[in-house]
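One structure follows; several queries about it will come next.
So that you can tell them apart, the chains are marked A, B and C in the order they are listed, and the count of residues begins at 1 in each.
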Amino acid sequence: MITLSSKKRFDKKLDKIRDTKISQSANKKQSNRALRKLLNNRLAVIGGIVFAIIVIMCFFAPLFTSYDPLAIDMTKISKAPSMTNILGTDQVGRDIFTRILYGGRISIMIGFGSALGCAAVGVLLGCYSGFKGGLIDKVLVRISEVFMAFPQLILVLMLAAIIGRSASNIIFIFILTGWGSVFRMVRSQMLSIREEEYVQSLKVFGINDLIICYKHMMPNALGPILVNITLSTAMFILEEAALSYLGLGVAPEIATWGNILNSSQQLHTLQNYWWAWLPVGITISLFVMSINFVGDGLRDTTDPSQQG
Amino acid sequence: MKKRLLAVLLASMLFLTGCGAGGEKAPEVTDATETNVLYTNGGPIEFFETPWLNPGTFFYNKVLFDRLIVADENLMTIEGEGQLAETYEVSEDGMSIKFNLREGITWHDGEAITPEDIKWSIEYAQLVPALNPVINSTFSAISEMTIDGNSLTVNFSKLAPDALLAFTQFSPLPQKYFVDVEPAGFQQADFWQSPVGSGPFKVKEVQMNNYTTLEAFPEYWGGAADYTIQLSPSAGDSDENFVANAQAGKMDYGYTRSIDDIKALEGVEGMNIEQVDVRYTRLFFLNKFPNADGDSPLADVKVRQALLYALDMQAILDGVFDGAANPANSLTPNAADKPTDLNNYEYDVEKAKALLAEANWNPDTVLDVVYYYTDQLTVDLMTIIQSYWSQVGVTMEFRLVEGDLASILWSAPTDPVNGPSAVEWDICYAANAALSLHEYYDRYQTGQAINSHTPSDPTLDALIEATNNTLDPTEITEAFHALQRYENENLFVLPLYYQPVFVVTSDKITKGAPAVGNPQWNYNWDIQNWELGK
Amino acid sequence: MFKYIIKKIIGMIPMLIIITFLIYLLLEMTPGDAVSRMMDPEAIARLSEQELTAIRELYGLNDPFIIRYFKWLFQIMQGNFGTSITSGVPVSTIIGRALPATIELAIAALFISTFLGSVLGVLGAIRKGTMTDNLLTFAGMIGVSIPQFFFGMVCILIFSLNLEWLPVGGRTDPSVVNFFDRIQYLVLPSLVLGITMTAGVMRYARSSMLDTMNKEYIRTARSKGIPEWRVNLVHGFRVSLTPVIVLVGFRLPTLIAGSVVIESIFQWPGIGNTFSSAIRASNYNLVMMIALIFVFMVLFASTFVDIITALLDPRVKLEK
């Protein structure tokens, strides 16, 4: 009983120390400095703004358009941009602007969801693996190596054929093939954190491994993960588009950026209906670019080696 | 320093091995003495497809092989004349055909073409599983074949209504290359890496998945062309690079179904586009067998009629195909011998609603529509139909099916009268391409292996049987008319539209371009007599 | 040294076996088998049970999955890669004619991205913080943000169809006599593939150049009065060498994924093209062999990078 309560007490105490530390000068200054640095990075700020605009417009799509993204209108097929349809209509008379907005929801969800999923799986396993070592670590490292050496495209090609092509399945596939790199990153961080004094003392006090691992150590390994999440969101969005091109992405009846852009595969569309592919192409590139700039900015602020 | 040197060495080694593999042997110098080249597509990717499955789909099969006899552009047999057979005679009762082979003709390897080769080809084809249906049904009716000198007589055990048509499409092959080849592994034979044919052109150079060239066969009985043919690789009748190649001047002859391709080519200088109405019908198969949930919602003819009345096919086709396709009222495409009094089921929402009310349509029913095409157009079309049907209170959901399509789509129920259904869908979007009209209807006969959807119907059986029982042209037409009227009334399938094929030729072909016919079948091309300009 | 390398390479073998097993399992789970892909569904539905069994027997599809896998593995060990189910051609022949095309494309793209990336990266580092640097960063970002296939199609539209400078696709034609005639075919696909990989190299080169420029000995060199351009040139060159080596490994997965897309756009008769059609056809032997090559390349590259880093980094001891 006593040991348990004392353990708890120590645990809490450490929390407190950390909290005060955080609220105190050091971190305040640090976070301020980080923020300032991020804001000084003009590209990152612009990226952040563009990113926010696109996300807001997609997720509050009904506020920006009155059309239904699936409603076909046989009376206006492939019409150029006009007052009523600001980005024109597609081959079955759907409003392209509306489709880009609604398609963005799914594309962003796929990109962000997959990145988050990879991070979650990678961090959970990576922390434990790096902290515990031993057989679990060995096995997990092997498994991650298998998935990393596995050409991702093969896995995607075949899994898409096996489990179908809904948006959630695509996310699942991306997570399955993508968690390895996060896992290794976190694991190597944990390996060095493990040797730090506070961890040793926590161990000495016999505090539960899981608590040491996830409560005390994990937060210290998260910095680079944030960067990783942003950058891989961008990567997954591009990948979704590439899969659509190969006819293996989300089923074509669902509007995603990849699927909309895919209509430009037809040379006829490419040459004659610029509004069917240029706006969505620009949107994808802009969005991916904005995420990349934000990610770069974040990296510069969190990675001291990039200073100067 | 040593380490660093080693590193550099290793790196450059990697680089060099790569370079070595990349800079492969230069292709031998072709005698560039200005031989004219005809560019087309359909070149082999991994192998030449046999001419027995899709006899005319690939350009190379049209020109590498001769058939026994020849058809005109409407696929009517040219009487008495032939290709490998100089002449042929059909017996009075139609139960026997005698082919008299040309004297002195050879395969591309110089060996004589013998009646034994032909006989062997027919016998072997009977064992090959992947065979064109018309050829298959004709050959399975053959009872015996006899050779007499340089002629071959084929006798039938039962009437084969499409026998002559089959022989205009069937290419005999040289027996000696297939000595150890299992019929089931026919396509996998070495022969299909560089086939030895009998036609006006022979294989010159094959760079799989890259380019293939064909050159004139100098000993061809009909004369030799003075140009070569270059094929760019593409799979079957869908070539995703069709437009790009055509715009770049690398397509002197080609055909496509894609209206987008055609729209992109309109106005390209030197390209001529011909629309050909062919036997190609897009339709909904309707599953009328009861399933686990009880009776099929489509078992009632009123529902089927209502579904067709609810579609404004003309408007849909104008939108999706720029009006290039025609609304269908029967499986049989529009042609001279089709009855003119068929109901067109013109768009009529009120009528559709009334019919559904009469049939006590349950508004909670969700029709499960499946399709197996992966193109954007299909999805668009399904979306459009969904919205039209929703206007009369019919809900449908559509999904792509993949994998073992044979059992997903065509598993026939054990009991062909009462079911229950052996497949899970209500409606299947599909296409019927037919060489002969019989192909459209024979599949609905009771007991057909692929009839997964239509319960046994004695009236229908009798009507189909009547079309197969005679060789007299008037009787055939009458039998088909009766069948088409019954189909039109009963709607055991929903015919949607007839899709044409577009034949694209360049101005380079200056003389002898063939009369425009269905490019997927063989007819009298006389390609050896075409002339090319610059 | 040799021990280290050999140990690394032997360590790859169990991995290869596990991965091939997984791929085989995945193929097995893919709906439909080779026969159902190869023949028209209606034709299959017309066949009798025995006929179908006979066909499947011919392709060795009737055995249980595990037995087929081990049969395959056993054959591979003996150097027999099997034949393609669709054409009956030996898998080695098919790969043999597709691989050179892909390697050619990959090397060209690697060369382009390495050259552009390191030159621009070093330039960015020298001009750090200036307009040039920002522009370069920005351009690099555009390069990685455009979907590859989209970039490719626009290039075809502009350079092949509108300007008619380059062929729309393919790798060679009968009039081609030597490698130099063929370069026109290589330009577009390798540029598109190369440019999308340039940004990564550029970023790497820029930061490692910055690192070097801050190093003690550079300052010494400068203080000795060696001209600035010489300092930059010599060290710039040294810096650009590292990305060549290291990033060959890192870029390999990109190259593989890229080859599938790029080869399909430009009708390039390479391994990526062959691979995607083999998967669609459930062409087991071919899929397995190409996958094996891909996996081997990735593993080899990462091992190679390990070795190189070990060689270049004095802190890492080889005799581990």
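Assume contacts are C-beta pairs under 8 Å (C-beta built on N, C-alpha and C of every residue); 3 or more make two chains touch, one makes a residue touch a chain.
Fair warning: this is a prediction, and the values are worked out from it, not measured in the lab.
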Chain ID, smallest distance between chain and overall C-alpha centroids: C
B-C or A-C, whichever has more C-beta pairs in contact: B-C
Length of the line joining the C-alpha centres of chain A and chain B, rounded to whole Å: 46
Euclidean distance of C-alpha centroids - chain B vs chain C, Å: 37
Between chain A and chain C, centroid-to-centroid distance (C-alpha), Å: 24
Multi-chain contact residues (two or more partners), chain C: 30-31, 161
Per-residue multi-chain contacts in chain A, two or more chains: 161, 265, 267, 271
Contacts with two or more other chains, residues of chain B listed in rising order: 244, 247, 402
Contacting residues of chain A [partner chain B, same complex]: 70-72, 74, 77, 91-93, 161, 247, 251-253, 262-263, 265-269, 271-272
In the complex with chain A, residue positions of chain B that touch it: 240, 243-244, 247, 260-261, 263-264, 315-316, 318-320, 374, 376, 379-380, 382-384, 387, 398, 400, 402
Sites on chain C touched by chain A in the complex: 15, 18-19, 22-23, 26-27, 29-31, 134, 137-138, 141-142, 144-150, 153-154, 157, 161, 207, 210, 214, 253, 256-257, 260-261, 264, 275-276, 279, 291, 294-295, 298-299, 302
Chain C residues within the chain B interface of the complex: 30-33, 36, 38-47, 51, 54-55, 58, 83-89, 94, 97-100, 103-104, 106-107, 156, 160-161, 164, 167-179, 241, 244-245, 248, 267, 269, 273-274, 277, 304, 307-308, 311-312, 314
Sites on chain B touched by chain C in the complex: 3-4, 6-8, 10-11, 14-15, 18-19, 21-24, 26-27, 29-30, 32, 45-47, 53, 129-131, 133, 182, 184-185, 187-190, 192-193, 205, 207-211, 213, 230, 232-233, 235, 241, 244-245, 247-248, 250, 402-407, 409-412, 449-450
